[in-house]
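I've put the structures underneath this note.
Each of the next two complexes has subunit A plus one more chain, namely subunit B in the first and subunit C in the second.
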Partner chain A sequence: MLARAQIWWTVFTMCVAERLAYRGDFVLGTTMRFLPMITQIFLWTAVFASSSNGTMVGFTRNDIVAYYLLTMVARAFSSMPGLASGIAGQIRNGEIKKFLIQPIDLIGFSLLARMGHKLVYYGVALGPFALVFYLCRDYFPGWPPAEYMAAFLLSLVLSFLLGFFLEASLGLAGFWTLEISSLLFVYMLFNFFFSGHMFPLEILPEPWRTWVGWLPLKYLAYFPAAVFLEKIPPEQLWQEMALMGAWTLFFMLLSRRLMHAGFRRYSGYGG
Partner chain B sequence: MSVIEIHGLRKSYRVYQKKEGLLASFSGLFHREYREVNAVKGIDLTVDKGEFVAFLGPNGAGKTTTLKLLSGVITPTAGEARVLGYVPWERENDYRRRFALVMGQKNQLWWDLPAQESFQLHQKIYGIEPTAFKQTKDELVDLLGVAKLLGQPVRELSLGERMKMELIAALLHSPEVLFLDEPTIGLDVVAQHNIQKFLKHYQQVRGITILLTSHYMKDVAALCKRVVIIAGGEIVHDGSLEGVIDRFSDYKILTVDFADDRMPSDLARFGEVRELAPPRAKIEVDRNQIASVLTNVLANYSILDVSVEDPPLEEVIASLFALTEKQQRDSQDANIATTAANVAAAGKN
Partner chain C sequence: MHRPNYLAVFWMFARNSLIRDMTFRTNYIIEVIFGVSWALMNLGFYTLIYRLMYADGDGHANIAGWSQYQFFVFIATTILVNSLVEGFFMANAEELSELTRTGGLDFALLKPIDTQFLLSLQRVNWSAVPKLILALALLAYSIPRIDGLTLSAIQFLLYPLYIVLGTLILYSVMIGLAATSIWLGRNQSLYDFWFYITNFSRYPMEIYEGTFGSPLRFVFTYMIPILVVINVPAATLAKPLSATNWPLAAFAVFATVASLAVSRWIFQRALMSYRSASS
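Right after this comes the complex of A and B.
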């Protein structure tokens, strides 16, 4: 167990070091992610300025800006840029071989690498995030009760794991298709609309809203924000949390299954 | 004691056959034709502990596929193989801690970090004791002369330096079996020589078993006593390097320096004249005829110097590869013709 922890720690520290190797890209990539926040605040302010009663499906302008800022926090945990395409690329160019010949687990390694990258990102982005939230504090209704706050924090951790295992599964599909860019495009399209990243899912008309409610995508952005804003009724809160945990477990098992099946059919592409 | 045992090992791939042109690209969306490629066709091989064996063969002969099978990267279509008593494609961690694979064209080190950080990771992955790790690392770094490069990001190393680091990373856990797939590819002569020297020394000192594929005969001649030649997925020779010449070369080279520039004009009667630079002539003479030709030349001409040599190894291997490739093409053509005839016959019936 100690040996395993030492491996994890070494992988983790190396991933942190690797993330910091290109200073310019790192600084630009971290700070520029705040630009969409500002544009969205302007957009929703304009939308509500043209609205007659100042509300939209139960959301005021303040609610929606607060919602959007919170989805940004959720997506900072759940988005996995380059994960699926990176795994598929390794399959295609043969770099995946090292996980076949060395006693190390591909998914575990990738998870630690992602944790390392995220931690560096959070460490640096914490200051700008805090500043944006401080400047926008009037949009928020206030802190949620302790139970909701705990659920919110847990949902962020689960959204990270769900996002990771979901995208890892997509990347591992590369063992069958080699090229997954179209699959990723479709996924990103669905993610964009049905994760609640662009707008609260309450805006969707029926039956779409019910259907989207069955998908795991809402847990990547909508759900943590809705929990913080207490949009989830108390009787459904832990039921939804359990469902989120179940989806995470499902994709964790799916990714492992795909990895083992993929290794069996792997043809050692790329020399 | 056998370290590697292979029986009837076979690996086939289904390869998409795309026809040329844009129209074919569109039709490929609806219907695709595949061809079965038999990369390894049921090979048998045994390698004992401490042997340094070279795998030779033309491109696509099945050398790298065999190494991939033995290192568990791919699963065979049929057959059996055991390395150190393990079935490679079951990928047991105990097995993966006892072998290493180095591919000359693939980088296993972290591209943006110094090699020493990758070494640290290997220490943890393979569970190497800190003292043993330091001792092995220092020894390898010293042998390969890369102490000053340890802190430099891998992306900034030259190809030769990178290969040295790859070798160190692969040997840190003191593997009992080492698979080397073209470790000197793309390296200059000096770097090739350094790697050869290192491998020879390391193998002699540690007594590990090494399987090497290389297109450079100098690698093979310098390192391996045993040579396995694979062509078309089959083993066509398993023995010494000298044995390759004895078995596959049917001529010798007779070099004669004639005295007083009195070179006969009918040298072609002895064999194919390869080089004519009076007073010297180089003639390819049939092996069976060499004794009589030599006697004849010595008896009938005034000679300054004479020598009989085997043809260069590269030449013998190249002609062997060309021959086996031709035989395979003929055999494929014959198969296609038979299939076409069967289809035509079935159509008539």
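Right after this comes the complex of A and C.
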């Protein structure tokens, strides 16, 4: 048990060190990511200038700006750049074999690697994020009550796990098709539109709004932001949280199933 | 020295690229679907926004003076200019930093042809063509739906001209950015930076107003003229011709010439400091 913990610890520290190697590029990249926010603020100011009562689907202009900023926080947790394509690539070029002969679990290893990367990311990104949020503080309605704040924090952790297991499952589909780029492309498109990254999901007309509400994608960006802004009614809050947990569990089990099934049919092609 | 026939060389580049694209056909199709769906999604987003603005009941909806179909013309113009930039220059600019890093730039320098021409145009990306068609279809759909707009022949003549000028301005920004990779050795965030800068150009310039907006508008109109790129051609076609637009339209011509000259200068300077890595 202790030896096992030690392996995981080594993996983790290795990934942290790896990520720290390019920190300069990294701070710049993180700060630049906020530039599109500027145009969003101007765009929505112009949109709301045309509205007579200053609200649309329950959002004011300030709500929308706060919403976009909060989805950036959510996506800092839930987005997994290169995870699915990385796993599929390892399957294709045969690198995956090392997980068959070494006493390391593929999903566990990837999860720790991600956690390492993400932790370093937060360490570095905290500065730019804090600065932007401070500059934009007037757009926020204020801190949510303790219950919502707790749900918000928990939803961030869950969105990381959900994002991870969802993308890992997609990557593991590579055991069956080898080339998953078109699958990933469809996922990316849907993710951008239906996770709430592009706009608050309330903007969608019915029946789309309801359908999208059933997808797990909304937990990756929309949901944490909506919780912080108290757009989720109190009676639904914990119900939604439970659903989010259920989706996370579902993809966790799915990825495990896919990994084992994949290993069974894997015939060791590649280098 | 014999002067190469640039048109014939470019024709050869285009032909070779087409053969290459058709060799990897699945990849080509995926790129096409990707590009077109992206454009359609953007259109869907603005359709939703206009739908919301109509829904509040006061019967009018506009973003900084652009009604729905005028804005669609704006989006079509964005797609048009971007697909031209992607079709001709994007892949080449990305390649430039790779060539610098690997030392492959040596071979480009040795060829008896203008280096900037060679590096800017050697790969034509044919997957941009369907987006071009989409943009034209969107124009054909939107223009008749703009209330009270009668277009004169001169607007139809000016539009393609300003599309070309806009494309050239974006090209200048792009090749200028790409040239910095020669200085820096490697510039991985080039594409990011390009995206973030041009992001400003994809909205009507009228939205940038107020304490922060006006200086921003000034900088991106007169210092780095990317706001001119889409706004001038789009306004030419979506709004009635008016004398107040002429100064900006004239400036767009000047801005294009100036950006081309500046980017040419940056490119030449960057080449001088190329140290031929790893060859």
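Everything that follows uses one rule, which is that the second predicted complex is superposed on the first by the 257 of 271 C-alpha atoms of A that agree within 3 Å, B and C clash if a C-alpha of one lies under 4 Å from a C-alpha of the other, contacts with A are read in each partner's own complex, and residues count from 1 in each chain.
Just so it is clear, contacts are C-beta pairs under 8 Å (C-beta built on N, C-alpha and C of every residue); 3 or more make two chains touch, one makes a residue touch a chain.
Please read these numbers as outputs of a predicted model, since none were measured by experiment.
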item: Superposed partners subunit B and subunit C on subunit A - clash or fit; value: fit
item: First (subunit B), second (subunit C), both or neither touched by A:3; value: first
item: Subunit B versus subunit C as contact partner of A:266, first or second or both or neither; value: first
item: First, second, both or neither for A:17, with subunit B first and subunit C second; value: first
item: Touching partner for A:101 - first (subunit B), second (subunit C), both, neither; value: first
item: Angle at subunit A between subunit B and subunit C, C-alpha centres, nearest 10 degrees; value: 90
item: First, second, both or neither for A:210, with subunit B first and subunit C second; value: neither
item: Closest Cα approach, subunit C to subunit B, once both complexes are overlaid on chain A (Å); value: 7
item: Common interface residues of subunit A - those touching subunit B in one complex and subunit C in the other; value: none
item: Subunit A residues touching subunit B - in the complex, by the definition given at the top; value: 3, 6-7, 10-11, 14, 17-18, 21-22, 94-95, 97-98, 100-104, 263-264, 266-268, 270-271
item: Partner subunit A, residues of subunit C touching it in the complex; value: 30, 33-34, 37-38, 41, 44-45, 48-49, 51-53, 55-58, 60-64, 188-189, 192-193, 196, 199-200, 202-204, 206-210, 213, 216
item: In the complex with subunit A, residue positions of subunit B that touch it; value: 13, 64-65, 68, 71-75, 91, 93, 96-97, 99-101, 103, 105-106, 108, 110, 112-113, 117, 120-121, 124-127, 153
item: Contact footprint of subunit C on subunit A as seen in their complex; value: 25, 28-29, 32, 35-36, 38-39, 42-43, 45-47, 49-53, 56-57, 181-182, 185, 189, 192-193, 198-199, 203-205
